[in-house]
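Next up is a structure, given as structure tokens.
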Amino acid sequence: MTALSLDMASTGQARTRARATRSSALGAVVVLLLTAILLLFMVYPVAYIFYGSLKPGGGLLGDTAGFTLANYRRIFASGFFTFTRNSLAICLAATAVSTFISVCAAYVFSRFRFRARAALFGAVLLGQMFPWIILVNPLFIVFARWGLTNSYPGMIFCYTAFTIPFSVYMLTGYLATVPKSLDEAAIIDGATRFQVIWRIVFPIMLPGIVATATYAFLLCWTEYLFALAFLTQTDMKTLPLGLYQFFGDDRVDWGAVMAASAVATLPTLLLFLPLQSRLASGLAAGAVK
Amino acid sequence: MRGERLFIAGMLAPAFVVLALFYAYPTLQNLLVSFTDLSLLGLKRGGNWVGLDNYREFLTGPEFRHVLFNTVVWLTALSVALRLLMGLGIALLLDSALLRRWRLSTIAKVAVLMPWATPPIVAVVVWRWMLEPQNGIVNAVLRNLHIVDDPVAFFADLRTVWPSVVMVIVWNTVPIVAVSLLASLQSIPDELNEAAALDGASRLQQFRYITLPFLMPTIVVLTLMSVFWTFNNFVYVWLATGAGPGTFTNVLATEIYIKAFVDFRLGYSSAVGIVMALVMAGFGVAYYRFVAPRELKEGM
Amino acid sequence: MRNLLVKAAALVIAAAIAIGPAWAQGTVNLTFRFNDTEEKELRAALDQFEKQNPGIKVTLQRIGWRDARDQYLREAAVGQGPDVVHVAQVWVKEIGQAGAALPLNDLVKSSPPGSGFTDFMAQELAQTKDGKIFGLPWTTDTWAMVYRTDLLKEAGIDKLPDTWTQLHDDSAQVKKRTGKTGFGFPAGGSSSGAIWFLANFYWWSNGKAMVVQKPDGTYGMNLTVADIADCMHYFKSFLTEGHNPTSNLSASDAHDPAILQALVTGQQAMAAMPPNTYKQVLEMYTAANPGKPLPFVSGPFPKGSVTRSSMIGGRMLVINPNSKHPQEAWKLVKFLASEPIFTQYYTTQFPAQRSLLKNVNWSPELKGFAEQLGYARTWGPYSDGPAPIGAMWNATGRAFSAALSGQRSEQDAAQELLQAVSKLMQNRAQ
């Protein structure tokens, strides 16, 4: 990376600034327009879901004036508090465990060279190569025999296993942008490897960890296939299962579907909101000495 | 040296223990079952050995090329490419100083994440409704703007069904690409771009020589994971079109679902699954060898 | 010595506390998996059952129909699963033969349900050839045609179509005179799509069938390529002539929201559906038009060259062979099949017992369903025969969708379907 000496920069600076002010007005308009279109595309369907959740026909059937909370009342009467609680507990735990394990593994993959490195790195991805539906039957048999069905530990284990491959890969990628010199400097200063990970690298990698943890959480949050197979008792079910139950054989309770989906969206937003500031720039500034 | 090796082993162990416990048995079991004619109705009885019959039937079947083409080109290639492009665009947008100045960053980030929090079935339901000829807003807008005269039946017309399905997938999954790329973008020190700007580099040059290399590790991983995940994906196609009209949008994963859970042929569907895994394994190896060998060898 | 006595006493007391409650209770815990949306009503019924049978507690579980069979087969294979299971009638024989349903013969004999087992409809679907009874028929229904009277009037149609030809012509007339959809049926080919029902009703009404049992006891097909192509051509004509919008090529369910919305908002004049779907249409119309009379009427399916026909749909109850309390499970099954359940709790379905069906109070809008039930037939050989119903259903949907969407010619699609089903009839899926 080229460095720059300040005295040569002054004239260049002035020129660039002049250029910038002319194009910045047009640029601003373009950026705002793009942002508006983007927001519309992303948000409109979700807004429609919230809108439909307040209508008896879910915004799909019939057209009644006025809004109603009946859909929400209905889903909470059929156990949605329990489903949400189960989902939160399982997904948060799985995300935490998976992120921790993945950071450890990613650090090693990124910082060390050892003989089996390439092979092991590839092996992490092995399970992801299969379509999930053919994993369901054999896994169900194993889980049933070990009594892991209808249990929190069983689901947490399952979701941790799902999210580890992607997390390890992504975190290894993020770690590549954290220079090894930092580690070495800290070790020379007397830190143990472990301290290096959590005191030095982790804070810098925080945006990457937040992104990875978000992915992991949302993957678990909307997961349906394995939850269906492993959670048959009503009080253990997760949110996606609760939502699917409104799809009947010859009729669908659209209002409940929309309300359930709105409920599914909310916790993720509430969890993400405080964290998204970590996805702000400025944290990496000063990392390069 | 020994201490270091112990450290490496210790850090890797938890991940591999979990992965081994979870994936080893199903993988072996599927391999074994793929050589039998096991049926969902005969789980207790077990299946009979049929050797490579399942594989032969699948690979020489009349539908094979059509299903493979759908999976590779329409489902995977198109949606992954769109996801990356759009995700990159969104990430750049969210990172831009302009948004920060107008305090739109937070709202934009939250808005971008909302589609990802929507369960796939609801995403499909809402988009199908929005694209519906009589009741959907998209057709209403198209007709109002006189772009079309008659409403377009997006999911029924063979010309528009794949783009529609791909759009639902992209809508539902681009947030994670965007957020991951955003995280990478945030880790680029501002000084680098400022220095380059002072040097006289245009925005495009800045992007090409500073930003993009920084993003490469993330892009490489996202591409690989997206390909794996989409290639094997069943939910979106199944919920949106049921692999129809006819078998027009049938992909490998829906083929497996039909064979396993409608026709009950677990042996055959396992064989298809194994073939898919081999294809993905081959892709992974080729990917790291030719497309991104540097990532594998270097810093990673 | 005293120390030892104290310890022994403590042990005995501890044991008593541990075992005591179990002794005193002796409660039997049953699980009932029920898959429809009337969970609240069923729970109330179960509370009544628990009151009548102190010592038995019933937990209610639910899994959507889409995944119910696979889930249950998985669980039964590893020795788990609920005690009493709500299943589709066409699954019972397969489940029984897979060893996932308890033979009920002894229970039926020693403690007969309802007004005796012979009062139950569609019982042939519950029995295998060796006489083993694997399920008890619980609910029954059939499909019927549904019409918007105001649109029919506007189109100048003064009586409901009686034959398939009349249905076609009336549908075209609706489109011509009012510009609205005539017979808007789902033409999609999803693996459990509605076109399967319509096609079969068409064939049955003309004296044909996909699977029949021949006089010598073997099974065959009473369908030629020409029959299939003719059926495809009939339904395709609605699409090509425009009185069934082509968007219905992506709709596979009778309860597709676009179709229901079209009925509710008066954009469509005719449809075919099960009673529960029809009730949702009526509810939605009432919600959108409070106080107005319902412009809906139901009627039987059109006649073919032989008769008019539809299937007797239904659900059954099976007992898990892994159940630890089959006697109590049977008590629950009998309770669920008793009259009060249908009159007080589970009122959205009709009982599968002839004696009870006679007493059902059909509201005027539902008269068509009552009439059609008289013409309905069970799946019979479809379920008895060697080919799995699900596979035939899927193959039919795919073939029809390919023909109706124009991907294949009717001849080719019909040929492919015939071949696919013949193949299924030959290799029985183990």
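Every chain is named by a letter (A, B and C) in the order it is written, and numbering of its residues begins at 1.
Heads up, the rule we're going with is that a contact is a pair of C-beta atoms (placed from the backbone, for glycine too) under 8 Å apart; a residue touches a chain by one contact, two chains touch by 3 or more.
As the structure is a computational prediction, the values presented were derived from the model and not from experiment.
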Task: Most centrally placed chain, judged by C-alpha centres - done: B
TODO: Using the touch rule from the top, point out the two chains with the most contacting C-beta pairs.
DONE: A-B
Task: Where chain A and chain B are represented by their mean Cα positions, the distance between them in whole Å - done: 15
Open item on the list: Just the number, please: Cα centre separation of chain B and chain C in whole Å.
Closed with: 36
Open item on the list: Need the CA-centroid distance for the pair chain A / chain C, whole Å please.
Closed with: 39
Open item on the list: Using the touch definition from the top, which residues of chain A touch two or more other chains?
Closed with: 60, 137, 244, 247
- [ ] Quick one: which residues in chain B touch 2 or more of the other chains?
- [x] 40, 43, 129, 135, 261
TODO: Would you give the residues of chain C that are in contact with at least 2 other chains, written as numbers and ranges?
DONE: 74, 77, 257, 261
Task: chain C-touching residues of chain A, taken from the complex the two chains share - done: 56-57, 60-64, 77-78, 137, 140-141, 144-145, 149, 228-229, 232-234, 244-254
Open item on the list: For a test of understanding, state which residues of chain B touch chain A in their complex under the given definition.
Closed with: 4-5, 7-8, 11-12, 14-16, 18-19, 21-23, 25-27, 29-30, 33, 40, 43, 89-90, 93, 95-96, 98-99, 102, 104-123, 125-127, 129-130, 135, 171, 175-176, 179-180, 182-192, 195, 197-200, 214, 217-218, 220-222, 224-225, 228-229, 232-235, 252-253, 256-257, 260-261, 266, 269-270, 273, 276-277, 280-281, 284-285, 288, 295-296, 298-300
TODO: Using the touch definition up top, name the residues of chain C that touch chain A in the complex.
DONE: 33, 35-37, 39-40, 59-67, 71, 74-75, 77-80, 82, 254-255, 257, 260-261, 264-265, 273-274, 276-277, 279-280, 284-285, 287-288
- [ ] Sort out for me which residues of chain C touch chain B in the complex.
- [x] 70, 73-74, 77, 94-95, 97-99, 188-191, 193, 245-250, 252, 257-258, 261-262, 267, 388, 390-391, 393-394, 397-399, 401-405, 407-408, 429-430
Task: Residue ranges of chain B in contact with chain C within the complex - done: 37, 39-45, 47-48, 128-129, 132-135, 151, 153, 155-158, 161, 241-248, 258, 261-265
